[in-house]
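Two complexes follow with chain A in common, the first pairing it with chain B and the second with chain C.
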Partner chain A sequence: MSQSTVYYLSGLGILFFINLVAVWGLDLHFGFAGVNSFAFIVFQAVGAYITGVFSLGRANTPVTFETYILGVHWPWPLALLLGGIAGAVLAVPVGWIAVRRLRGDYQAMAMLVLALIANSLIAAETGWFNGATGLESVPQPFGNLNVSLYDYHWVFLALAAICGVVSWWIARGIARSPLGRSLRALRESESALAALGRDPNRLRTIALVAGGFLGGLSGGLLIQYVQAWGPASWLYAETFLFFTAIIIGGRGNLLGTALGTLLVPIGIVEVTRELPQFGYPGEFADFQWVAIGALMLVFLWFRPHGLIPERKRVLRPRDDGASGQEAPARALARGSQR
Partner chain B sequence: MTIVLFGLYSAALYAIGGVGFTLQFGVTNVLNLAYGSLITSSIFVEYYLTGHSTNLWLAMLVGGVAGAVLSFVVGFVVVGAFVRRGAAGFSIAMVTIGISLMIQYTLEAIQGPVVNAYASSNRSTLLSVAGVNLDSQQVTAILVAVVLMVVVHLVLRLTKLGLAMRATADDVSLTRVSGVSPARVRALAWLASGALCGICGVLLGIGIGTFDAAIGNDFFITAAAAAIAGGVGKPYGAMLGALIVGIITQASSAIVSPAFSSISAWVLLVAFLILRPQGIFATYAAEREIVA
Partner chain C sequence: MKLETPARRRATTGLLEASSLACSFGGVRAVVDVSFFVQPGTITGLIGPNGAGKSTVIDLISGRARPSAGRVRFDGEDITASKPHEVARRGLIRTFQKANVFNRLTVVENLLMGAPEWEGERLSRALGPRAWWRRGEDERVSRAFEVMRRFELEHLANHYAGSLSGGQKRLVELMRAMMAGPKLLLLDEPMAGVNPTLALSICERLEELRDEGMTMLMVEHELRLVERLCDPIVVMAHGSVLAEGSMAELQANEQVVDAYLGD
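Presenting the complex of A and B:
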């Protein structure tokens, strides 16, 4: 393979892991806890901005005409971690606004509007994150490493893969724990769970915070990779890219959503950039979005549970001898009776 | 005074759009997130079909018919097929989003890299109140909105169809056993909502003078703010909500900055959802289990 092909493929690998972290974060919100997290892109955005302003130096407004807060030039691992934490912290007010009282369509609507408000507000307030222009020239991790552009891709790929593994560890840890069982039960029947003495809002907030951390982390990685971030990078429609990945892959299944990530943000959006472009600049991207919308409909019609559906959890009760598949809420009921 | 008059004009558009949205949501119980792209496509159809005509009456006729047909296809045919297949709640919202993405980006591809603009029409000042000039288009929009609201009111209150619509919104099974076909009522709701959406679209497009493939989306969310402030499924509430939203958007754009005109309406929407999801009047939300 030529060097440029390798460079391209390693770049795809980096984007795959960055998107994967975000998709798993959204899967914690939507797949496990059943929260209609239409504002998910905001978690990625806040992670990117916070990582950006912590790793950038002080804004030199008279020279660059940029204005942003902080600019403390902290080491990149700290900035990346703070990006994740910012996503987690943001999840608390979002949960308070959209999840505590609202359900279903109304929750989706509130989330959608929150994403619009956040984007317009940050574009209008030039003092926070340089307004509509956004942040630029964000320092990269290992920026002083004296390697070629090609080799640097491998370094970043390793970093993105490590973040992917950490996300897998977090998401899988939650999915397998009693907490994950409670979350799935909550998704299926909130009243059953509440009747068992669990606090639905507390559970939802935990899932939101964990997913928000992953969203923020992916945003931090993204800004460190592409080195720029502005309101045009996180229009509310971007959230539906992640939703399509989850619907196609299989909601609530980490392997399925990884496959969905490979197919949608990478397969449809990134790989097709290599196809011969046509029309005016941007026309190709329009057809990508049409394809994403069509794919969403096709899967919702033919395969609503995705390519790799969530595994039915079979819990064999030890004492009463009954066997077979059980709804999560009933399994939980059994667990708490004991 | 400027705020009040221009607020009244904005309110006219939000009222038409908001009533169309709330009527369909109330009757069919489908959160139609493709409503914004239906608004946009009505403008596109009108623009290309009439050769950029700015004749408001012709535009409203073409836009209204286009909106009704599109809304029927999207809502009754496509979404209806998904509902019959057993999709519910969140899946239906996702279906409308998928449709919305397809419509919006197809239109963007049709539009190309240019901004569509209407030839500047003859905008004579028609009405001058306390030093504020309203042109003939703005006055027409306000009058059309008033007439449409009266028509919606009369249809809902005085006709059998209106009763059937209110009954379907209230209790589907009870309506069915009374010998009314809920499917027919739903079809009519999608048609009526689409017609209102198309009329509001062309008034918006011609009023601004330029448009692109994203014009309907932000407007839709603001119109939905009006509908939700008034209580979902309540056309009268949406009218009052539109008045509030119209004044608030104009006031915040005049007092704070134009960037905040939509933001203030959206904040109002979220505030209503959290604090008073049932809207200004009534008990509707509690019956429908909007809130936990």
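Presenting the complex of A and C:
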């Protein structure tokens, strides 16, 4: 393989992990807790911005014409972590505004509007994150490492993979635990859940915060990788990329959503960039969105649970010796009847 | 006038006390003035024609709707306008008129959700190793299987609740409520949409539970079952309590016969 191919593939690997972290975050919101988190891109955006302003250093406005808040130069791991925390913190007001009282279609609508407002506000308010121009020249992790561009990709891939493992640890831990069951119960019937003594708002907030952390972390990684971030990078439609990955892969299944991430944000969006372009500039990208939308519809119609559907959790009594022996005994009885 | 209602005369205290409950939805007065007591160890029936306000009363007690007037006391404490999960945590567990199970959870998982909330459900436990919640989980799974064995539904344990028949879903709801170890069970038409054989089997379970000392308040339309299970019976009409007593007493009451027992 030529060096450029390897460079390209390792880049795809990095983007895969960055998207994976976000998709698992959204899966906690949508797949598990059943929240129509159409504002999910905002969690990624806030993570990216916060990581940015914590690593860029003071804005040198007279020279660069940039203005943004904070402007400190903290070590990159701290900035990345703060990106994740920012996503988690954002989940609390989002939960209050859009989720506490609204359900179903109204909730989806409120979330979508929230994403639109947030994007317009950040674009219009130049003092916060440099408005529509956005942040650029964000320092990269291990930036002073004296390696080639090609080798640096491997370094970043390792970092992205570590973040993927951390996300897996969080999402998997929740998915398999009694908390995960409560979240799935919340998705299935909020009224029944409340009638059994669980506070639906508390559970929803937990899911939003955990998923928001992953969203923020993914945004932090993304800005550290591409070194720039502006309102054009997080238009509300980007959220649907993640939703499509989840629906195609299988909501509520971490392996399925990983497959969805490989197919949609990487397969459809990134890999097809290499195909010969056609038509007027930008026509190809438009067709990507058409393909994504069509694929989502096809799956919603014909395979709503995705390629790898949510796994059924089979439970049997463990410490109960009697029932353990009962099964073979019953099988024996059946056998003798025959 | 209010003091003349039979409930007030007969009982002085109860596990559940509803006093002068009222509730309107957009100008429609669903419940006008409802007072009754539920004595420990009884199955109290709540009957009446459609639109009498029975289900609204259940919603008012369980915190799903807020009364515009009146109070609800449960186990010696005022629970008026408490939230549904707060009411449930005090030991008052309800079922729903339309079977309300967690469809994409298995039957065992449904039952596990019935067990009272415990520390194993915390985020901090979820982020740790399995051992942080494993033992508590195993205990609850065993208990769930005991309950299912008792209801003779162990073979459905690992089926999705959404794949069951309407009657089986009712039983899942009932078993789930049992897992909570309630002090009072509110049953909103537990036999609705259930075939007669299964209805009889639910009926027998409820009798067993009553004999073990469980207290219940039950809304039901099937009068033969009400007669078999419930004493006393509260009759509602037009959002108010019309009468209260045993089925025999009610059948002798002309007002009740006119309003409901009619045919």
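By our rule, the second predicted complex is superposed on the first by the 315 of 338 C-alpha atoms of A that agree within 3 Å, B and C clash if a C-alpha of one lies under 4 Å from a C-alpha of the other, contacts with A are read in each partner's own complex, and residues count from 1 in each chain.
The working rule: a contact is a pair of C-beta atoms (placed from the backbone, for glycine too) under 8 Å apart; a residue touches a chain by one contact, two chains touch by 3 or more.
If you're wondering where the values come from, they're calculated on a predicted model, not measured in any experiment.
In the superposed pair of complexes, A:L300 makes contact with chain B only, with no contact to chain C. Touch criterion met: A:A185 reaches chain C, while chain B stays clear of it.
When the two complexes are overlaid on their common chain A, residue A:L70 makes contact with neither chain B nor chain C. Once chain A of one complex is fitted onto chain A of the other, the partner contacts of A:S177 are limited to chain C, with no touch recorded for chain B.
Under the contact criterion defined above, the residues of chain A that touch both chain B in one complex and chain C in the other are 200.
On the side of chain B, the complex with chain A involves touching residues 31, 33, 78, 82, 85, 87, 89-91, 93-95, 97-102, 104-106, 108-109, 112-113, 218, 221, 224-225, 228, 257, 259-260, 262-263, 266-267, 269-270, 273-274, 277, 289-292.
By the touch criterion stated above, chain A contacts chain B in their complex at residues 36, 97, 101-106, 108-110, 112-114, 116-117, 120-121, 123-124, 190, 200, 237, 240, 243, 247, 279-283, 286-287, 289-290, 292-294, 296-297, 300-301, 304. Residues 62, 64, 83-85, 88-89, 93-96, 100-106, 108-109, 112-114, 116-118, 120-123, 125-128, 130, 133, 136-139, 141-142, 144-145, 149, 157-158, 160, 176, 180 of chain C touch chain A in their complex. Of all residues in chain A, those touching chain C in their complex are 169-170, 173-174, 176-182, 184-185, 187-189, 191-200, 206, 210, 310, 312-320, 323.
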